[in-house]
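Next up is a structure, given as structure tokens.
Labels for the chains are A, B and C, by order of writing; each one numbers its residues from 1.
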Amino acid sequence: LAGFSQEAGLPAELPTTPDLKGHEISFVFNTLFFLLSGFVALLMVVGFTMLEAGAVKQEHLGAVLLKNLGGFAACSIVFYLFGYHMLYSGTEGGWHGSFKMWQPEAASTITPENFPNLFASGSDWFFQMVLASLPALIVSGILAVRIKPLAYLTFSVLLAGLIYPTAASWLWGGGWLSTTGFSDFAGATLIHSLAGWCALSATILLGARKGRFEAMKKVRPHRNIGYIAFGTLLIWIGWLGYSGGSLLAMDSAADAADVSNIIVNTHLAACGGLVTAYLIHLLVYRKHYHTAVVLSGAIGGLVSISAEPLLPSPSMALLIGSIGGVVVIMLSELLRTLKIDDVTGGIPAHLGCGIWGTLAVPLSNGDAKLIDQVIGMMSVAGYAISISLVLWLIIGFSLGLRIKNEHELIFYS
Amino acid sequence: LAGFSQEAGLPAELPTTPDLKGHEISFVFNTLFFLLSGFVALLMVVGFTMLEAGAVKQEHLGAVLLKNLGGFAACSIVFYLFGYHMLYSGTEGGWHGSFKMWQPEAASTITPENFPNLFASGSDWFFQMVLASLPALIVSGILAVRIKPLAYLTFSVLLAGLIYPTAASWLWGGGWLSTTGFSDFAGATLIHSLAGWCALSATILLGARKGRFEAMKKVRPHRNIGYIAFGTLLIWIGWLGYSGGSLLAMDSAADAADVSNIIVNTHLAACGGLVTAYLIHLLVYRKHYHTAVVLSGAIGGLVSISAEPLLPSPSMALLIGSIGGVVVIMLSELLRTLKIDDVTGGIPAHLGCGIWGTLAVPLSNGDAKLIDQVIGMMSVAGYAISISLVLWLIIGFSLGLRIKNEHELIFYS
Amino acid sequence: LAGFSQEAGLPAELPTTPDLKGHEISFVFNTLFFLLSGFVALLMVVGFTMLEAGAVKQEHLGAVLLKNLGGFAACSIVFYLFGYHMLYSGTEGGWHGSFKMWQPEAASTITPENFPNLFASGSDWFFQMVLASLPALIVSGILAVRIKPLAYLTFSVLLAGLIYPTAASWLWGGGWLSTTGFSDFAGATLIHSLAGWCALSATILLGARKGRFEAMKKVRPHRNIGYIAFGTLLIWIGWLGYSGGSLLAMDSAADAADVSNIIVNTHLAACGGLVTAYLIHLLVYRKHYHTAVVLSGAIGGLVSISAEPLLPSPSMALLIGSIGGVVVIMLSELLRTLKIDDVTGGIPAHLGCGIWGTLAVPLSNGDAKLIDQVIGMMSVAGYAISISLVLWLIIGFSLGLRIKNEHELIFYS
């Protein structure tokens, strides 16, 4: 346990510590990198919670926040109980991982001659847990206010424990998608469009919030645009840890350079998405700003680069993110026309830009083929829509999907 | 001073840099780890401030925030002037450290052959400073609104400079408690229950806020549940840095695995505490939610695991945290029955779960005995209650403890 | 791309990874340090945005936040397109860098025998990009509400791409100031007073917000003191990453000790600034607090230490920061007397303390001379005032500087 520092005692003990050698240095570097990436990525959890809190009426805030934080905790628990191994310990070329509990290695089993991996398994679980909580947070925002908290909690647990890990195991766990040429570095398809499809099927079952589309003629004031902006910034910063960390190694100069380039590309894609959305509003909509839509241009840029943040040049990353900003604006208009109620704008940013980013991989990755990207994207779409529809319907018939009256929620706070 | 980077000049200089060897690599790893842990743990300062800001009326906010940030700054200063050495440079088996100013080593005294420690002393001070500021922030939230800012500031300075370092020196500074079998890895007793006892003695002297217990029949709306939820999340994330960092070393693969397992256990304990508190409310209280109480289940889980975050299996950590969630709910009810006014719910979470976590150590640590844990916990309780009562009474007779009228505070903002 | 972790496959591959050696270890340490510093420093972007959001009327929030986040994104883009090389690739002893696009090195060009630098160039760009975005954020807060968003955006792009990099190239890029004895470690002059001068020239052209100085007899309630306090804390934490990171190396024990001492000094200077400002208010102004002014004492302390955060003893850092707190209070009074409208208090904190901190360098750095500090400070002042006046006037005549009516802004949100 090393004890706490005591100035007097230490120098005498120093010579007994053996010098670190190659593999152990790699182990510490990688572990430190996983932990740093996980800490930074956790800011996304705060950010998504703020984004949703900013988009709902203040009297619904208590219920909304309880659902979000409770869902985050529940997702972590199921990801520990079975989600992690549903993602990783599958058979080669298979369709799902195995159903067993995750276990860390004991530190005592690690000796300078014997490493189970070149990183502490706890640090890997920690980082993967943050990623596994993202789909539920994205779904949460899109369905905010009208979904029953218990229905959401049930679905979110299934999402983090089964739906997401199964899809992710197809590629990242060595499953069937990894035997095709499909490429999705940090989850534009496996995390973001997956979450978007799950939420889209629910929005159609749920319908819109009361009065949502009657009031559209006059500009609807945002509930708390401060929360939305701070949340966007925290998601943005957190994303840099999430996409950088997705390289899953930082024990060589080449890895360190790759991680740095990923972070630069991810940041520039966000900048491109936001500036493009802002410019469109300045030029096209002029005074009739939809601040939250413009801000979600940044999220759109981040999603767009997530399928391939490493190989593009910074200019290409900027371009990919900028087109993401256009996708966000266009799909936001389309949803409004179709009267699909998406409270936080998650469908344009995560689903729309998840598709765009996945299809854009061949622009910078010479080994990726458009047809493989389409196959991967469509497979996940088909899987996510069908399984989520079935589950939402089961939940709907057993627990009920939609709160009867929005005033119900007020009593929660 | 190394200068700023210039692309042209560097390559030529590279060969002159000597290769890093064993001890120096350890030094850099440990220092980087202390700094990372300290940065992450600082989010707890933001979190506790948000938690308190969310629990008070908005017109009191200016005075409350000024007191919190000013207190944080003042605590850091006294921890520099004498607190650090009150904690660490004591005599073996003694009762307190020594009264002297902290000094960093000069970088020039460090050579590849000569290290005073295996970490930069400044990075250790930085991390310890964050921990030393926690008790005052916990006390602040519990006593919010009715305590005179100047009385709080005076007490907080004594807490960070003398009360906490003295108790901590008993165990972490090599004092008398370290010669017993008492075990408290990250301060469930030495930080959290200590702060709880100090605040409890003050609540009894202060009494409740005006009208606090008259209005209890109808559900009292939270002042700003958004701040409470965001604050809880930031405390949670920060805690992972604080408990991981408490291993105080990351210069070997075994340390890296230990740190990772601590972070996983700490996270799962928080999840357990929150989910349990949420389930109790869903099943027992049904619609009559007390959102802030449920959210403080997460804090309860975090405190519960702080006495021993390393040795439990993840399942055991989840269980220990879950029981922490039950402790929070039960003690919140008890305080209400006893009409003890605890603005942020700090007494159930920090005092109640601090005791629970300390007593739970033998569940996973075979070397710890329940009787030793009881002795340690009771000693700190007796010490904290008696010294804080004396100090609060002295402060009360000299400066006054309670503001005359809550409206006083409004003029501050 | 290393692929994602698979428990089964890894151990077999371990022996093929070569042990890390000297220069590669330095490369990873420095890159990890740049990335950590950049992540932490990004909290300043959130902090400055919160600070400004807290100081304006809530109905202006949408427009203000859009301008801030959009400006941050635009600044990053121009810093990529030409700002970075305007800063660094200048001629020796010259007046500006060169106008070309930044390019990261490809990871494939890095071999254990061949390093272009001892850090990934992407990680350096990432850290420098955060610094380059600070002047615009400081200017934004000072001019909030009355500046036209498009005018601000135009100026901010010129500031991050040309004005700041040119001034910084004089010292950090090896330009003419670096041949004098001028010393400015982390930008008290090159970032903070530069931004202050640019904003001061605009405040004079813009005039005050409507009704700003009529209403001064009664205490003006802060718009959202919560945002201001949380923002101040995030700026504070972020600053520790920014000033520590400014050493630009952490690949030796001496560097690690230096970085730690910088962080300790920076933190204590903030504490000194805040406590001093608080004490002045307690003793002089008594009940008539200006909470935001007291809180900006912390920012003042942080700016004051930024010219030389490494060499002072912690006590000296505390003193330098404390005098910064006095400077903030006095200049806030002066601005009020002169009816200069500074919405977030940026001129006292960044300009006033930037000058004070620059002049204070000789107190701890025996090699620095007061006359050199004055020359450097005056040169940047003359440059910043003249170029910003010219640019603001050009922008004013083409786009217009001031919004016609504050109600205009409401339609943006």
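The rule is short, and it goes like this: a residue touches a chain if its C-beta (ideal position, glycine included) is under 8 Å from a C-beta of that chain, and two chains touch if they have at least 3 such contacts.
This one's a predicted model, so the numbers in the text were calculated from it and none came from an experiment.
Chemist: By the document's touch definition, which label belongs to this structure's chain graph: line, ring, star, complete, or other?
Modeler: Topology of touching chains reads as complete, every chain touching all others.
Chemist: How many degrees of rotation bring the Cα atoms of chain B onto the matching Cα atoms of chain C, given to the nearest 5?
Modeler: Superposing the C-alpha atoms of chain B on chain C needs a rotation of 120 degrees.
Chemist: Note whether the interface between chain A and chain C is symmetric in residue numbering, meaning over half of all numbers used appear on both sides, and answer same or different.
Modeler: different
Chemist: Centroid of chain A to centroid of chain C, CA atoms only: how many Å?
Modeler: A distance of 30 Å separates the two centres.
Chemist: Can you list the chain C residues in contact with two or more other chains?
Modeler: Within chain C, the residues that touch at least two other chains are 25, 32, 36, 115, 119.
Chemist: Which of the residues in chain A come into contact with chain B in the complex?
Modeler: 1-8, 10-11, 14, 17-20, 23-25, 27-28, 31-32, 34-36, 38-39, 42-43, 45-46, 49-50, 53, 58, 61-63, 65-66, 68-70, 72-74, 76-77, 80, 101-108, 110, 112, 115, 119-123, 125-126, 129, 150, 224, 227, 411-413
Chemist: Show me the residue ranges of chain B that touch chain A in the complex, using the header's touch definition.
Modeler: On the chain B side, the touching residues are 21-23, 25-26, 29, 32-33, 36, 40, 88-89, 115-119, 124, 172-174, 185, 219, 221-222, 225-226, 229-230, 232-234, 237, 240-241, 244, 247-261, 263-264, 267-268, 270-272, 274-275, 278, 282, 287-289, 291, 294-295, 298, 310, 313-315, 318.
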